[in-house]
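For reference, chains read A, B and C in written order, and residue numbers begin at 1 within each chain.
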């Protein structure tokens, strides 16, 4: 009689090139949108308003890109990271076709890298995960790598294979909306007069506001994504664990940083790519999250006088104001208050408003 | 001038055969579904995905059966259990027509039993409650009995009448979907390869994961069902009460046990019946809920080679792992860590996947 | 290079007659409705049920009026009260066209009064805010006044102008639904037999039930409204603030008082107006809110035998039962347990049920 419980995959269960069909297709609904707003306070006009979206050419308000990320990511957890010791990184994350209420998202992953650690107890698994809608259009595509436990130390190590990963998503790979009517983009309604031209490379923006984390909030967000990683939900187990507390899903911090960034980047109406990210320190209930951003690059888009991109670095902190832009020290070491260092690319309106 | 506040019904207000029309018809929405997922972490594919549901013949994803139970149950509280001292039991609970987003649910109850307690201060009321949709189709039908306070001790006791209740819902009474295309049921997308034939009578499944209860979560869930039983919401009053704390709605524990059971029973795509249930001990915020299940019976369904049923016993605990399947002792006494003992029947796909 | 972060408006930024277009149009969804029910426990049948609403002539269940208020109010915060020291009052608040799922709400405000305080550090700003739907119909219209900080003490005071404000919204200004079929209004389904004629001027109703406030709940509600006033969300900052704790959005208390008032006013199916309101004391997580109401006036509506209005005063308390109707003392001073004193007008069915 087969064991019915899913033990998750261990390092030796991953094979280079193996494709994994993740379970639980998810229809995205207005309920998901409301909860995402309720749990993060996000205020981007495009995701909040059908009329705003329709004015510039969308059928209805598209789903917040970060919410799409979480839903796709949530599909993958049971197969990829249930036995993960650590989430090590993301790369080459591109947002594709916009997602609307009623769309159903599924996810698949391909193992693109494997490398056993010298301890023989864990290994690093690289996967490329792809989220698609019910029309089989790609809505999200990203690489992540996690450190996964071996079931059996004695199992021989696979040939190591570490994929070549781009440090940044190239403009040619952006999924740009083809036929927006950006002349109808209303900056007053979006909440800021500042378009693409107003930002400068090197510019730093303190997003000012802080948001305190609660157990209910992060658990509800993470459950909403059907992300079932154990460490977020079980105080009985975690009280005996490394931190003595439930660890907050790093993606929830990304959501908060994005929501906080409205104050300074209200016209960043789409996320084009996540180039890389690091959860520099863990977050727990009671921490207050702040964020600041630096413009790493201003990216003119060929043939598009209506749109421009910014490559940003957004750093989130806990219990630490960001007026002085805290970050890693010269040696790259993060102070304990820095919780997120995210490199991503956003889309803004360009041209006279 | 009439008192405007609803004092609820006391024992002497119930008459055998009396029908009670419960207030507040409720249209079930995508918001309710999202909140139920967000508050429980439920991952059943049928309830999460329109495309999954449509593949096997539903118009859209049906509402989680346990959510339907809570919404119907919520209608009844103001009339049946506002003055309840204890919820004593459920029986003969059958799920009927599937509920979809947009359906409006109403509930009525008939008093089918009355028995005053020897103390003369309380009595037991048995009601059969029926939930219907806007087409008057039965969506849920169950018996419950509660111990209710008398308003006036001096009132004479009614003739005692205790209904005959079946210990288990018979297969002939199951509401089986007639025209599903189970050949399209995709077990990989549902999250488990295990269908009806894979389970054996007596098999025990530890659902492994734990979920910690928070005040916000259980209150939000219970308010969502418009269940206004006082003990769940009022710390000011409960601080002087029996437990010193808000008592968590027992139905929320059923929701969590069902959600946790995904890990081992992912293909249990419909609940057919609840045969009986016991809230063995109270739950409070801070408790972590675990669950395990035993297959009490494997039920072949006449004329259906595509579907099979399992009668299950799911036991939920608090702050207690379930690897050794904790339950009542030989004398039937529950240890303090056992919080739920639920006897119910579920539907699974049958036949080669 | 312009500062990208919105510093909010200071007293000297407001000019008499200036119109402010508030950002972030918001499409109201079934998700918002579910969250509002989940966070407040509201049970009004009209807002819960499409079939109930359709029976009396609505296309679908209209959105709870208080939820409409919060969404419109939420639009205004970033411009009006980000630098507010205190919310001083509301007046002349009229609810207009009913709002339905799918409607998109926008808001504008006009500065109708200015008066610098003698300290020279703050001033009082009066605004008339108007919420409209996508068809430009007014859904809400109210005056509020706030005490706002000056950026620069040295700036000369404007000519003082204090608007004439009515103490009560006149019946002629009510937005009454023209073509309801009130003969189909089912009081049993609404939850109370009591219609307009059953209430008497001076009648007092203890709403009995209590609801305990949680940080997650009030923050999620307030974030849902995209109300970004800082004091509600940031424990890190507030721990050094006046109260040492996050202050709960006063509107959340209004929501709870309205939800609690169902027990005694279940047929108050629409809010017509808010005549005035006072947040007498602050609320914090852990407080339990109770409420009682007094009928200030019974208002017959010219030409309408099917509908009547009641002007109510609803007082909410914290950690204090309302059986003895606590309120301000003879000198108008509120005891510490009174948190809200709301003067508003509601609509009820009239005539033989």
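Keep this in mind: contacts are C-beta pairs under 8 Å (C-beta built on N, C-alpha and C of every residue); 3 or more make two chains touch, one makes a residue touch a chain.
On a predicted model such as this, the values are computed, not experimentally measured, just so you know.
Rotation angle, chain B onto chain C, C-alpha superposition: 120 degrees, expressed as a multiple of 5. Interface note: chain A and chain B, two copies of one sequence, contact each other through mostly non-matching residue numbers (shared numbers fall below half of all numbers used). Chain A and chain B have CA centres that are 36 Å apart. The multi-chain contact residues of chain C, meaning those touching 2 or more other chains, are 29-32, 34-35, 214-216, 220. Here chain C touches chain A in the complex through residues 1-2, 4-6, 21, 23-27, 29-32, 34-35, 78, 101-102, 104, 106, 134, 214-216, 219-221, 223-224, 226, 228, 230, 233-237, 246, going by the rule given at the top. By the touch criterion stated above, chain A contacts chain C in their complex at residues 29-35, 37-41, 43-45, 48-52, 61, 188-194, 198-200, 203, 205-212, 214-217, 220, 263-266, 286, 288, 319.
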